[in-house]
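Structure in structure tokens, see below.
Just so it is clear, A, B, C and D label the chains in written order, and each chain counts residues from 1 on its own.
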Amino acid sequence: MSPSVNPAAQSGLDAQTYSFLGPSGTFTEAALLQVPGAEQATRVPAGSVLTALNMVESGEVDAAMVPIENSVEGGVTATLDAISVAHQLHILREELVPISFVLAAASPLTPAQIRSVSTHTHGWAQVRRWAESAIPGAEFVPASSTAAAARGLLEETPVADAAVCSPLVAEQLGLHVIQHGIEDVTGAVTRFVLVSRPGIIPAMTGADKTTIMIPLPQDRAGALMELLEHFATRGVNLCRIESRPTGDGLGQYYFSIDLEGHIDEARVSDALAGIHRIAPGIRFLGSYPRADRKPQQPAAEVSDEAFTAAAAWISSLETRVREPGAGPAPRRSRGVGAG
Amino acid sequence: MSPSVNPAAQSGLDAQTYSFLGPSGTFTEAALLQVPGAEQATRVPAGSVLTALNMVESGEVDAAMVPIENSVEGGVTATLDAISVAHQLHILREELVPISFVLAAASPLTPAQIRSVSTHTHGWAQVRRWAESAIPGAEFVPASSTAAAARGLLEETPVADAAVCSPLVAEQLGLHVIQHGIEDVTGAVTRFVLVSRPGIIPAMTGADKTTIMIPLPQDRAGALMELLEHFATRGVNLCRIESRPTGDGLGQYYFSIDLEGHIDEARVSDALAGIHRIAPGIRFLGSYPRADRKPQQPAAEVSDEAFTAAAAWISSLETRVREPGAGPAPRRSRGVGAG
Amino acid sequence: MSPSVNPAAQSGLDAQTYSFLGPSGTFTEAALLQVPGAEQATRVPAGSVLTALNMVESGEVDAAMVPIENSVEGGVTATLDAISVAHQLHILREELVPISFVLAAASPLTPAQIRSVSTHTHGWAQVRRWAESAIPGAEFVPASSTAAAARGLLEETPVADAAVCSPLVAEQLGLHVIQHGIEDVTGAVTRFVLVSRPGIIPAMTGADKTTIMIPLPQDRAGALMELLEHFATRGVNLCRIESRPTGDGLGQYYFSIDLEGHIDEARVSDALAGIHRIAPGIRFLGSYPRADRKPQQPAAEVSDEAFTAAAAWISSLETRVREPGAGPAPRRSRGVGAG
Amino acid sequence: MSPSVNPAAQSGLDAQTYSFLGPSGTFTEAALLQVPGAEQATRVPAGSVLTALNMVESGEVDAAMVPIENSVEGGVTATLDAISVAHQLHILREELVPISFVLAAASPLTPAQIRSVSTHTHGWAQVRRWAESAIPGAEFVPASSTAAAARGLLEETPVADAAVCSPLVAEQLGLHVIQHGIEDVTGAVTRFVLVSRPGIIPAMTGADKTTIMIPLPQDRAGALMELLEHFATRGVNLCRIESRPTGDGLGQYYFSIDLEGHIDEARVSDALAGIHRIAPGIRFLGSYPRADRKPQQPAAEVSDEAFTAAAAWISSLETRVREPGAGPAPRRSRGVGAG
């Protein structure tokens, strides 16, 4: 890569401005800071996931970072529904962030001195066992995010003696970290995605994911099996599947699916074309590099070469079809990948 | 159709010469005479199915009519194996012939006068109950075909007093028909196919069949399921399926399959392309009009329109894939039906 | 039902004490109050879903009501993981509660008088559009639940001028309701489940659900298909499916599934027995009446009668198997439903 | 095995009398002579496969040996239809016989001296290449079987100078063998089955086959897939599958299937029970030792142990289902393998 390339371009777009689930210092901002170029770009905190997404849709910002799984603070299910159903957005990138909490205060207190502690209710749930043992008498003061709790320590009338928050916000605000790694379960990781208006799709890297949303016309027996057969016959593995009510009526569902591979691979495009026939409302939400960089290893029978060979064989047959007495068969343009 | 058109062209080729499983007057010749133009063409009887097929392969004749199912005289299984494995031939057309036998003699005998009767062993099996009741004392003299039995009546030393044969040969030889419709089971029909060297494939009529042969690399569990999923996901119905040993080793099989539809229909070509990936040795043996003219009624989701719409959607996505900073995506030519 | 029956028994157990996601007045308590007998029973609010479940496991209470889907306040994903993985609990019952919010205050204020409003962050997200239009200048004060926000109005130093909360808590606390139905999306419903230690399974009603958790040994292609074939071959419909990381290692997944039907129906028990063979770690989390009372209408081919007829046929064959010269076949006790 | 055991019992019945597709000396009799005890038993030649089967059904003989595949002389398709549809017979045993022909004469002729040769038309087809090279001028005289051709050499007026027949009949009649191994394709093997009236089913050997016939109510898309899923979910491999018209109407089919395994194995009985639900007209035609003695190696997940463990788990759940206030659950007797 030449030194003159804008590092933001590595994310698949030359973003200058980002929104994220705020306020400053959340785990979501930590995820955003992992995106090349984001540190130099404008980062706008949003009050909710929906607000962050709306800012992208309206064009206020180029892209938004939002939590998608196991979030400490965000409404994850809402994120998925928002991206899938309400908004016409694409995923450009995913980021994994280790979830680790610190106990921080405005001044160097000892645990015994802490009578009240502020954080988001979900964050509090993740440090409860530690808190019961380390600061058993401290009162819990709910905050709208872990970062808001941290910021509340610096107000004229502090909301609490200490806050449970991300290492990032403690550093940003210059707080005193009383204890690191206070989470009850270590090793937890949360997944975030960077979304933008539909535009360029990042090129295949060989270790990619594709996210789709498939509405099923009705809750009929076997509909899911039928969907999955389209993946199975192309050797496409799923990373995640969730059935979700569409919200617009009883008995209406959609499936939210992450699959291994990129739209530019024949096995993926052929499977999606197959599903498009039975569920024309299918929505493509993005092909993007996997955060874990785990490379695909498709079987030979679903390699691009196998697809090309099969198409060549079919073509060789189709050119020989004609009416008795008719001239050479016309070229046809039907089918997947027709140039 | 204009009067100047060669009627043979309706069969998909301008055949001037045909071989068929002989001798003259077999049910196979009756099938051949159903082909437009065959009555005026040269018809060469062959001593066996394999000989008839060899005559096509060597170029001695343009096409051959051979029995494929429930035959009175031919080795049907052998036919299938011969077309599928040994020969590189295509099926152009299928014909159904009602199987009805007559008792015929050189002179107007009564049943009571008949002490011996000649026919093919398989023909004899199909009139046994009638014979036990109508000509109980008559001795059975085996012949190499029902037509040979009929012809044997006219030899210097007749092989028997009467023959069980097709109405066609009785008429051709001017024999006296003692009784019509003597078959024990009425309504039986035999299927014949017209085969030629690979060339033009008859155009789709909307009521077509396609015959294929699929070798499976090994006798592994689930291999047949995997094959059938390729048909199921494209809504392709099967008319016939048979597993057959390939003859070149233990544990090696092929499947002989007739399916509904024509190679020029997207659901068929897409299914065959899918199977080509897992069984590249798949052989296409022809797409041709169904003898019963029963029209296909594919579901909307597997119509050519559904395939075209799906391909257009995929194309609209693929054109947006590119490296950061790269120019417009190049057109690609991968995939089924690429023009 | 006779008048002397303990109404709690209708829930499948004679619960005297319940925990629920508190504090008093949450939507979760509203769900609990829908359980017959719960109004007269002891109801203990818990600070989190995990606390509520721990109280059941330790025997402090008989059962717990927790949110399972689309919750306003609870960590829904956490609930599922807690019931499926961490705890050995069963689901006895599900309840649907319409999600409707009121704006309430301690005294009869007008909207224009409200400068601050308290509620849970998720609740706030669901009334944002209304708030921007009706009380545009009001400051948002986060609370740990909508009920806590309501209660905060009655403190010596009220946390805010008004609260967004459930109709239930407003009534319980005698608050003044300024406006009903302020939610941005009407018609939303949240699902709650009543869980207990494993014991009696409620009898089949004909409109039941069964919840299971299926760990897959590895992230192998086709594993999900294989699972679903077991449901498909028994005509068992799924209501919900979610893949979830098990948390104990990369590449390890489990599927959380709600299916239509009761363990006491042959098609369900046969499907689960089939899955037990390929995933012996399958966990049964309960068969219980559907909250929507929608009756099952299984096809004839998967009715209990069809299973009984099939078993009788197999039995009639098996009794005839024996070694040459051996006596009558011994009775065997293998198989599903062996009495 | 003790020396006093009747060797016929090894075939699964104490047969004293057998019919077979005659006349004496056919390949079918060679197959019969492979059955322990058959050499000492009464063997009755029948004029056709149907006659041989009729003799079993009427009780004239205990069992019949008939060709089932690739036969030199018999109507193989007819055999299958006869056993499956017309007759209520069971398969007890299968035999493989190498197909090798001899050229035999009544006196020690040289090939050059042979001007006419008799055999069955199918046998003739299998030695044509040899005949064209070794006895190019010889005339073909059709016979109703290869054995009849051999016998015809000994008539007062011999039908031909030589016969193409089985080694068995040449030996039985004391003919002079001019040349051994004259078949054009070496290594061919034909499969024969021993059938009887339904009675005892031979015990499992660990290397068994089961033959079934499954009528499909209509030619509906996906019906075959549905059938095969029942085998796939129990890990049951197929050895052979053929679709056949039932003969009683257009569009009516049955599938003739040989599968690996014995009705006394849980994976087989469970699969057949599953199919019985969707096709109650399924016919069981026998479980019997494989002629090739190739042992089954079912995966652990479809072993009898896995079925037993799954059934025990389901039972442990079902015993806990009951109405509120009701006593212990009654024992039920539903399901496969109920003792």
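Annotations
Methods note: a contact is a pair of C-beta atoms (placed from the backbone, for glycine too) under 8 Å apart; a residue touches a chain by one contact, two chains touch by 3 or more.
Fair warning: this is a prediction, and the values are worked out from it, not measured in the lab.
In summary, no chain was found to touch both subunit B and subunit D.
Centre-to-centre, using mean CA coordinates, subunit A is 59 Å away from subunit D. We define each chain's centre as the mean of its Cα atoms; on that basis subunit A and subunit B are separated by 55 Å.
Centroids of subunit A and subunit C (each the mean of its C-alpha atoms) stand 26 Å apart.
Annotation for subunit B: residues touching 2 or more other chains are 229, 232. By the definition of touch given earlier, these chain pairs are in contact: A-B, A-C, B-D, C-D. Within the complex formed with subunit D, the subunit C residues making contact are 5, 9-14, 198-204, 226, 229-230, 232-234, 262-264, 266, 269-270, 272-274, 276-278, 280, 284, 287, 301-302, 304, 306-311, 313-315, 317-318, 320-326, 331-339.
Contact residues on subunit C toward subunit A in their complex (touch as defined above): 48, 50, 70, 75-78, 120-122, 124-125, 128, 140, 142-145, 148, 185, 188, 219, 221-222, 224-225, 228-229, 232, 235, 237-243, 247, 250, 292.
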